[in-house]
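For reference, chains read A, B, C and D in written order, and residue numbers begin at 1 within each chain.
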Amino acid sequence: MSVAPSRGKLHIEGLTVAFGGVKVLDDVSLTADAGEVLAIIGPNGAGKTTLFNTITGVYAPQSGTVAFDGESLVGRRPSSIVRLGVARTFQNVALFGSMSVWDNLLVGCHHRMRSGIATSVFAPWRATREDRALTAELDELLSTFGLDDVRSSLVSDLPHGINKRVELVRAVAMRPRLLLLDEPTAGLNTLETAEFAEHLQVARRRLDVTIALIEHDMPFVLSSADRIHVLNFGRTVTSGPPAEVAADPRVIEAYLGTTEVAGR
Amino acid sequence: MKSVTRSGKRRQGRPVAVTTGLVLALTLAACGGGRGNEEAAAESGSLAEVPGFDGETFTVPMLTVTSGPVAAAAAPNLAGMQAYIEQLNAAGGIAGKYPIDLVVRDTEYNAGKAAQAYDSVKDDAVLLGNVFGTPIVQSLKDRIEADQLLALPTSFAADYVHHPALMMTDAPYETHLLAGVDYAIGQAGGDPTVCGVGGEGALQETVTQALDYGSKEAGYTVATVVGIPPTATDFTPYVQQLQSADCDVVGIVAVGEPTVAGLLAKASQLAYAPQWVGTSAQFVASMQDSPAFDYIAENYIGIGATTTYGDVENGGEAMEKLVAAHDEFSPDVPPAYQFVGGYAAMMAVDKLLTAAVENGDVSRAGLRETLASFEELDFEGLAYPWTWGEPGDRVPPSKYLVLKPTKGAPGGQTDVERDLDVPDYVVDYPFPEA
Amino acid sequence: MTDVLQTLVSGVAVGGAYAIVALGFVIVFSATGILNLAQGAFVLVGAYLTLQLGARWGLPFGVALLGSMVLCAVLAVLVERLLLRRLSPRDHGAAVLLTIGVLFVSEAVVESIWGVEAQRLGDPWGLDTVTVLDVAVAESDLWTCLICGVLIVATFLGLQRTRAGLAVRATASDQEAAIAQGIDPRMVMTMTFAAAGAVAAAAGTLLSTGSIGVSSALAATAFSALPAMVLGGTTSPGGAVVGGLLMGLVQQFTALLVPDVAPGLGARFAGVTPYLVLLLVLLIRPQGLFGRRAVARF
Amino acid sequence: MATVVRSDTDPAVRPRPTPARRSGVVRRVLAAAVVLVLLLGTPLYFVDSTLATLAYCAVFALGALGLTILTGYAGQLSIAQPFFIGVGAYLSAYLGVESGWNVLALTVLVVVAGGVLGALAGLVAVRLSGIELAIVSIALIAFGDYLFNQWKSVTGGENGRSAAFSLEIGGLDLAALPGMTRSQSLFVVCWTAVLLVALVARAIRRQRAGRAMMAIREHERAAEVIGIDVRAYKIGAFALASAIGALAGLLYAALQQYITPLDFDLNTAVLFLAIVVVGGVDRPLGAVLGALLVYGAVQWVSSHVDSWPFDALLSSFQGDAGLMPIGSFLTFFTGLLLIVVLLWEPQGLVGLGARAKRRIASWDVAARLRRDHRDEETS
């Protein structure tokens, strides 16, 4: 079975995003190949989150192309981009606070279901059946990621570390083929970060997925990324394998202006 | 005075199912009483018990307005009614032995609330002593008719004159408006331009139709009829409309006290001074305090069918009794023109029930028969009489008086002319058949 | 022509009052994110306090007005301290509902203390007029415009030139940054409520001068001023003023023109024109005339 | 244990009901029985005037259920619900009285019309953020007021119009069910409607649609990026809430037999807000409890002004002794309820219930812990 070369591949070409004349992204091009983990690093304000927001359809670019699986994502609504298999997590956890962990996961499966308001009004049992069909899968996900105990807890009652994991699991439940992680280890302690790295590996094994992640924690980046893309002031600084990028003086200069990066 | 409602005789029924949810049951219980047996009333006298009459007392519900901006207009009217009934009860009641129990319900001048209040009182009512306000009467009149009740409206639209369920005690707006305009034209001489002001909506239409009729019958020119929405606070545009139409005589019908006061004050500011002609309800006591009072006294006349408060010369013994009733039973309520109207309305109820007791039938049908048998219902000098009889034969009072704002007079008005004859073409006004 | 001028004058007078009520809404909203419908309560209570202090207790009108502004500022601060502060600061929906509760309670209390009848405020202007260019202008309208103008200028100077104003503006533009700069957001909240209360008392008093008188219907005026607030942009004090004036003019001119131009629309049409203008503006420019659209952030 | 595993993997073997599921079934049957007893038993227990009040409670509960979905689930603070109730009421009054439409056809039409208008309002609303939405929804109340007053040929203007239309479907008169008075029948009809709509609202809450709406309420942008069509769900919530409102309007008109613009004004809007806040905004049960408590209490007080303790506290006419006129008191009461509930229990009566349940559960846990502790000591 031959696979199209663009399958599972994120391809961005000449992307420019500006707000009120200020270019937040300026002619950025990058590629993440199928199954690859691409880390995007750079100082605050480099345009990393803007990049994610543009991929997921929150912002419209001034120019340039964004394509996944060979399909252009520009001009699509966020919900239709999700249907193409793009999932993401957020810098500040964006779970639904007054809902349970279980319901958060079910919301994650939103695009995989069909029933809507009309179904609930005219044939509520069909919607219930649809929920039931997911029970086994989500149960298994919860136990795989060690979240059995908090199944029906409200998200707002849980600690940050758990919620980071819940958010990852929600993204996994979306069955993405492109997963965007925005600072997944922000606010986690060393132990939690290590745990998260493990869970990320589990997620990779489960899904046939391409991952792009924004991260400041260099040890985490160096250990989990296949390639690193460096942004500064909305422009690409460099791109390449971890070892190579870590040694690049331009990166060291751009990134906090210290040698710490390479030193670790 | 405090009227006693019937809520006291609630009875708890047998318990429903044990499974009744606690909160629901509590709320349900709070919502009202149990379904009790109603045949427990005492046997006395020879009159048969009917809804609203338990053998001893007549229950007369009053659907009036005691809260909100309209309450001020309803208050003196209600006070007059209560004073009459208190005085009557002190003398033993109807025919000296059946006291009347007034049950006051607030409609908030809201037809929806009124419908709900009506539902709660209609099963225990000999008649409705008062239904206050045009929207309320409009909304209830067909249901009152369906329940075969009689009601006294404080609202005087043309289509109530021949309505079988309504018993009017004051002349309709059309009669007074047309008579007043006729009077003002006579005073002014020449060929003045006539205009009208009505509350946006039905009252504006009332004024339009009446003045149309007047212009056809009496040959004067009607330039415009301005409608004022109830929410207006600045009256400049409405005064301008009248001004630019060069109106010399402006008839006003019941657009609410704050509106009339505001309109006249703005007219005085804009130095526009036509002859304003209002029906009796337009001027209320508080306008004495208006900064525009001098202007109003100069340029406004009111038309009424009720004798002014304290005018013993014309009101005779009845007026003396009325003043005594006021001083004894509602000394805190300042005497007003509308107090007399309320008092007179209850006099009509008294006379109707007394006659019905004599006929030995106070049922709803009995009251209607009694009313139909009246040729004339005399207010003993407190107001000009109506011609009664069958609904279709009823005729509003054929005389009127002219009122002028006067500082310090009871209610702020005194009559400048009395016993004027309503012009024939106005008496012949085509009041719609019910 | 005099017709147009006359309506212009009455439109500015009505609009000035809308403007000042809307200004109170905007000050609170921009700094705290709360749509404070209790503004209607302060308008109502302010007018009655002026009545009580002036006409009833015999203080000169100016003193009564100032006294009422001070008392309303205190009342507003009490509402903020005792009630609003107990809500979760992010729950702006609950805050709106709470202020509606305050509005209803105060309406009922005012009615039971002062009654429902309209009463003379006892202002010194009465029905006096001055004639300018053939147009009779009520002195009360002139003073209304003047005092509104003074209050609007004072508000702007307060916002632009004082440290307190700087704190309010900083909080309005970025609360977190303001906190980082050592500004206490709770202090800012208190100050904005005090200012809104004082402005509302002045608005209520001015709305009741001249021929109109004080009545409980004043509370509804607060609702009428809401479109002015959105029209100008919910966070722009200047927008509130322009929006208020625009609404007053539109409303008065509609009332003048409808009977001639389109009698079928009826006199009530003037009451909905502010909302029509509002909808039109919002469809074309969702952030209002002078508002800024916040950039979404994660 | 082995059987359980087999039944999970082998679809041919139906899982035996576990004790938990069985108790769920028992609970459901029990709940259905209670509801049925209340629905059919209440009319036998109360006098007609009380039943009329309770039927009004039902209509207010129904209108509030729309807000449960729109404001409670989807988080859109709308004040405009009375507008849609008014549209339903006037539409059914006009077509029912003037053109003699069958009530079944009326119901369908009114619900569809309410839904379409609601969707149109939603189209505007999706462009606005929270506070602007609240204000624009006030605009809708103002438009309603204008429309209902001005379109006299249909609405009768400010004096209102008759709504005494027939409630017959085929041979069955809903206003005179076999062996029942008008009030009894309308009680059953109105509460049945509440029951059905509440069940729908409950289903939505537990299913995909409701989760999507709540996700929007909790975090709109995240919901969008998760794949929820925020626009569509907001418009859907508006349409559904308005359709329910219009249905409530039909029943309101049928109950009152006469409607005026004042029935659908800003005060009514605030009454609805008070109802959902007091009951609990995001549960169908909250709308029902809130309507019973707020509207029921208001009616109860107004019909007991002359008995203790209200005779001393409230005055029912000028010159009567009392702290406050009765009409003002009702305003006062609604406002005070809003304040007290928001400060004390923002989740309303339903939240209070949930809190009590948690308290009891925590006693349970405490008891178990103590027992475990004792067992440990003995072993």
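Here is the rule we use: a residue touches a chain if its C-beta (ideal position, glycine included) is under 8 Å from a C-beta of that chain, and two chains touch if they have at least 3 such contacts.
These numbers were taken from a predicted model, which means no experiment stands behind them.
K.L.:
Quick check for the class: compute each chain's Cα centroid; which one is farthest from the centroid of chain C?
P.N.:
The most remote chain is A.
K.L.:
Which two chains are joined by the greatest number of C-beta pairs in contact?
P.N.:
B-D
K.L.:
Between chain B and chain C, what is the separation of their C-alpha centroids in Å?
P.N.:
Each chain reduced to its C-alpha mean, chain B and chain C end up 38 Å apart.
K.L.:
In angstrom, rounded to a whole number, how far apart do the mean CA points of chain C and chain D lie?
P.N.:
Computed from C-alpha means, the inter-chain centre distance equals 34 Å.
K.L.:
In whole angstrom, how far does the Cα centroid of chain A sit from the Cα centroid of chain C?
P.N.:
Whole-Å distance between the two chain centres: 47.
K.L.:
So which bits of chain C are touching at least two other chains?
P.N.:
Within chain C, the residues that touch at least two other chains are 111, 116, 220, 266, 268, 271, 296, 298.
K.L.:
Where in chain B do residues touch at least two different other chains?
P.N.:
67-68, 71, 200-201 - these are the residues of chain B that touch more than one other chain.
K.L.:
Mark out which residues of chain A touch at least two other chains, giving numbers and ranges.
P.N.:
58, 90, 94
K.L.:
For chain C, which residues count as touching chain B in their complex?
P.N.:
3, 6-7, 9-10, 13-14, 111, 115-120, 126-127, 129, 136, 138, 207, 210-213, 215-217, 220-221, 252, 255-256, 259, 266-268, 270-271
K.L.:
Within the complex, which stretch of chain B touches chain D?
P.N.:
1-5, 7-8, 13, 16-17, 19-21, 23-24, 27-28, 30-36, 64, 66-68, 71, 75-76, 78-79, 82, 103-106, 108-112, 115-117, 119-120, 123, 134-135, 138-140, 142-143, 199-202, 230, 330, 332-333
K.L.:
State the interface residues of chain D toward chain A in the complex, per the touch definition above.
P.N.:
Contacts found on chain D: 8, 200, 203-204, 206-212, 214-215, 218-219, 221-230, 233, 236-237, 240.
K.L.:
Okay, in this complex, where on chain B does chain C touch?
P.N.:
67-69, 71-72, 200-201, 204, 224, 226-229, 231-238, 240-241, 244, 257-258, 261-262, 265-266, 268-271, 286, 289-292, 295
K.L.:
For a test of understanding, state which residues of chain C touch chain D in their complex under the given definition.
P.N.:
Its residues touching chain D are 29, 33, 35, 83, 86-87, 91-94, 96-98, 100-109, 111-112, 116, 220, 223, 226-227, 229-230, 234, 265-266, 268-269, 271-272, 275, 278-279, 282-283, 286, 296, 298.
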